[in-house]
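In what follows, chain A forms one complex with chain B and a second complex with chain C.
This part shows the complex of A and B:
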């Protein structure tokens, strides 16, 4: 097939994805950006051009610093925790042991289950009166008063991060597992012959060869977690008192609960460009460091 | 009486003699018969309503209770049977997305011909609503209980009402030695202390500080302290003396673990806790009676008045939502909306719906039938017209509620004092655009 025909064939294969991205990503994003500069009535109708007014109103919102801090804490907490646990689980699942296949299948369950169902299960587990933990604790005499797990800022944050890690570990584990399975066994054999113990083999063979996969998993998880909505909304709705409010949940609250559509659009636009900037900076830094280390 | 004026005809009849007289008599009889039957037809046409022109309208109703959907479908089916030219598209959504669903449709020019709405101010400001003079029939206007009619209101009529009362678990109260429902703030605290001492692990008093119900919950104590949400000029009064007194009382209960400790527990969660016997006293709406009857029929409880500070007159807190009609594309659609409104508020339909859902009527014609259909609601019905309402129709209300929820939660969690918390809330609310 000549080159021009080949290029046309590639273009045709890519066309459906391009159309989908244009229609379901680029167009809504364009509308979001335009809305952020528009004057919007209480019911969301465009009434004129607002310039930077929505952004100014957002910057003086007393909740904004907390929202940004929470977003950073939530994203870093879930991603770091997920990577640490997934590396360990992937290494275990890479070994041959009885029941390995069953364990691998069970690991899929949190990933396959709808986020909403998983969030509801944890909401019931941690409910401050009728939740399983409080009911068992009170019945067993361990607790004299039930604990408002989701009603206190610090415990609510920890629980949200735990649930975020719980649902992220399966995907990340499988990604890392595919990386581990690509490492030739001869490297470990040679290292064993040279006297390297498990820790040295992990540090000097596994980690460096797994690095591209860890970096990819880190970036993908950061994007998913930054944009995550159901876990926080179902468990805490961003409360108590905005303690667990992130960019995405605050944007939703402003757009649909408090009729501040212009500010919500400004926050959404800001969040998008922030993620794009951080993601690009991360990827460029990784590529540079990968080139340096070879 | 038909007169024969044609002279020529008369002279010919005279010439024909007897046979002509019979013919004349027959003609007169026929004429009389025609006149009479025409009058009868006209009379029956006057009592039978004119068939509605062909139209399709959307009808929105919120999910008030598990029985709402069935009740609405029954009403719509009977309406469509009586008006085969009209198609009613029934729409509903969970409360979380109800307003945004209606708003999205309205922005696309597909606002409902008739719908229930709880935050209509923004749609009125944006010119999307049809004034009530165009779609509410005179019969319905006359039937609405006068206390629910605001002469200055142009856009909405109320759809139903709920009145708040204080539900007391009598088993828990009896064990604690609390024999009567507390009428004052001091009596409420005293009762809560007794309940805490004798029922460890149980929340003495429920309080909802989440956005879904903090407006009503705070109203109980704000009005109980003699305060108001808003003055005549439309200024919110959240840092008034009464407001500070109300929140100070609540903070005191919270700090002594006499009030619900989980500030993220919404109304649904706290109602479940009352049903599970985990909360002893819970102010909520009369609709809770039906919930208790269905879910925990053996739970013994009493409903008392909302407590108040000494010197404050007894009061009730009422909540209404509203019927709205968005501007429609044709007179036929508006006429269909009017007819559906009339049909829905007919006592036979209205009472059946409200009795099942556990809400109160706002029309005079429905009061007595409702009293017979829902005898449990009698105490609430008697307090209906004395109830005070919070300003839910104000365009700022959604944001006010959000600000109050954060402020109350911050005060409870000890992050700010009552005075500072309310001062900060007042400052944010004063900066909100009015329309």
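This part shows the complex of A and C:
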């Protein structure tokens, strides 16, 4: 009994973390949801109850289908590309070779560098006038005129996804690498003795054992990408003409530039519930992988 | 996932070595170097611009490799732009978030690692929830909260919110580290009459060096690089952090790319070097932080 009393006291050691999260994560979340059902003043102050008005206004917004499609395309595109590349890079880095250290050092650069700086670098690379891609393309004679890569919806989307993959690969690779390192070498040796070639060993040993890690990495990446704001805000600001607007950037624009705070809150709340779906998938995967790996 | 100790046991190291296959190494090396070149290329371009004379950037014929080198890009912004203010504010925010984060994450991680108590699952679930959310997603609610409590243009509030969003990761990393420390070591101290707090400070923490450094680095880097919250709640030029300063540089009609990238190099390099220094531990910290 004494023991259990003591134990309850130790729960207090976690109290500061819990309080901080309640006050600065849960409370603003509550404010967001309340705002979505409120009428709001010019400065975003709640002035009264609005029922579903904000949601109605959002649903008839002609930009909404595009925003949702972009969010899905951006998230799926980045996650799929990141996983494909990261699986390859992780397998390469799991091998021993001279210089592996240096490659791993370089791999952490996009991870350690802020998204602002990496986005600015890509803004420069794809700049329509001075950008490195145009400069190289022109001097090599591939391009006759500079291209405004970020000025056209289709190329802008592809470039954003490319940058999203670029900054996601390091984290994902590291996560998969930790999964690879947990696979006992004996499995591969046994398979080799049985005459399994590289491809078969990958297909029947690596892939199944890595699966929980791939799922986790994919989900974490999806959550991260879904939440991501700076890359798009810096490279295109959602433009041209809302062509690259995602839930996050469109919400930000409505809340802080075009004074549609109520609609922004409705969109944010919707975004939160979509995220919750992703989060539940994350939680279920965690549970399942815990069972698999003990 | 089973807890991985921060020190790779000798047995595992040997196992990794036996996996080495001479035939594959050359291929892996080639591919590895290609990946590295691809990843570093944009940053090399950034560095090349940062050492170009200011006018060379837009003087035709345009070129990538500088014809002359001008290091004044690294000094002029310190006097012509409020760079000292940017760096000072970013340092305050990042150090504040690191110290506060570790201070509250350590005890939380310790009880999560050592006890099974009633709210344990609830706390873990809450932490996972916060990992899912970002300041960007909740920015509207955060802005309203800041206005409600008069916290706009307040660096301490920015520190606290940064910590609220990043502390979960630190707790999960650290609880994994603490779990890997055998309880018997602590027990010996209890017999000698040490308190829980005493053993945490004098026994557990000194054994958790790399784990603490990794958690601290994550807290620092996230706050140093944070953008959305600062953009929204800090409008006072005196309180502008580096990330926002760079963004404002970029937003100017007549932007000075050489200054912009020289500043970016100075802002990014310290964090990059720390990441490289702790590279070995990142992988373990990560596994703990995301798989627990």
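Here is the rule we use: the second predicted complex is superposed on the first by the 263 of 294 C-alpha atoms of A that agree within 3 Å, B and C clash if a C-alpha of one lies under 4 Å from a C-alpha of the other, contacts with A are read in each partner's own complex, and residues count from 1 in each chain.
In the analysis below, a residue touches a chain if its C-beta (ideal position, glycine included) is under 8 Å from a C-beta of that chain, and two chains touch if they have at least 3 such contacts.
None of the values given here were measured: they were computed from a predicted structure.
**Q** With the two structures laid over each other on chain A, which partner does A:260 touch: chain B (first), chain C (second), both, or neither?
**A** A:260: touches chain B, not chain C.
**Q** Counting only touches as set out at the top, which of chain B and chain C does A:241 meet: first, second, both, neither?
**A** First partner only, chain B.
**Q** Once the structures are superposed on A, label A:144 by its partner contacts, choosing first (chain B), second (chain C), both or neither.
**A** A:144 sits against chain B, while chain C stays out of touch.
**Q** After superposition on the shared chain, which partner residues are touched by A:154: those of chain B (first), chain C (second), both, or neither?
**A** neither
**Q** One more residue to check, A:44. First (chain B), second (chain C), both or neither?
**A** Both partners, chain B and chain C.
**Q** So in the superposed three-chain picture, is A:128 touching just chain B, just chain C, both, or none of them (first/second/both/neither)?
**A** first
**Q** If you tally the residues of chain A touched by each partner, is the higher count for chain B or for chain C?
**A** When the residues of chain A touched by each partner are counted, C comes out ahead.
**Q** Enumerate the residues of chain A that count as touching chain B in its complex and touching chain C in the other.
**A** Dual-contact residues (chain A): 43-45, 129-130, 138, 255-256.
**Q** Could you pull out which chain C residues touch chain A in their complex?
**A** Touch residues, chain C against chain A: 1-2, 4, 12, 15-21, 24-26, 28-29, 31-33, 35-36, 39-40, 42-43, 45-46, 49, 57-58, 61-64, 103-105, 107-108, 110-112, 114-120, 123, 125-134, 136-145, 147, 160-161, 163-165, 167-168, 171, 196, 221, 224-225, 227-228, 232, 243, 246-247, 250, 257, 260-261, 264, 267-268, 271-272, 274-276, 279, 282-284, 286-287, 290-291.
**Q** Once bound in the complex, which stretches of chain A touch chain B?
**A** 41-45, 62-63, 127-130, 138, 144-146, 148, 150-153, 156, 236-237, 239-242, 253, 255-260
**Q** Can you list the chain A residues touching chain C in their complex?
**A** 7-8, 10-11, 13-14, 16-18, 20-21, 23-25, 27-32, 35, 43-46, 88-89, 92-93, 95-100, 102-118, 120-125, 129-130, 132, 134-136, 138-139, 166, 169-171, 174-175, 177-178, 181, 184-185, 188, 216, 220, 223, 227-230, 234, 248, 251-252, 255-256, 261, 264-265, 268, 271-272, 275-276, 278-279, 282-283, 286, 289-290, 293-294
**Q** Can you check the complex and tell me which residues of chain B touch chain A?
**A** 96-97, 99-100, 103, 106-107, 119, 121-123, 125-126, 128, 200-201, 203, 210-211, 257, 261-265, 269, 272-273, 276, 278-279, 395, 398-399, 402, 405-406, 409-410, 413, 415, 424, 428, 435
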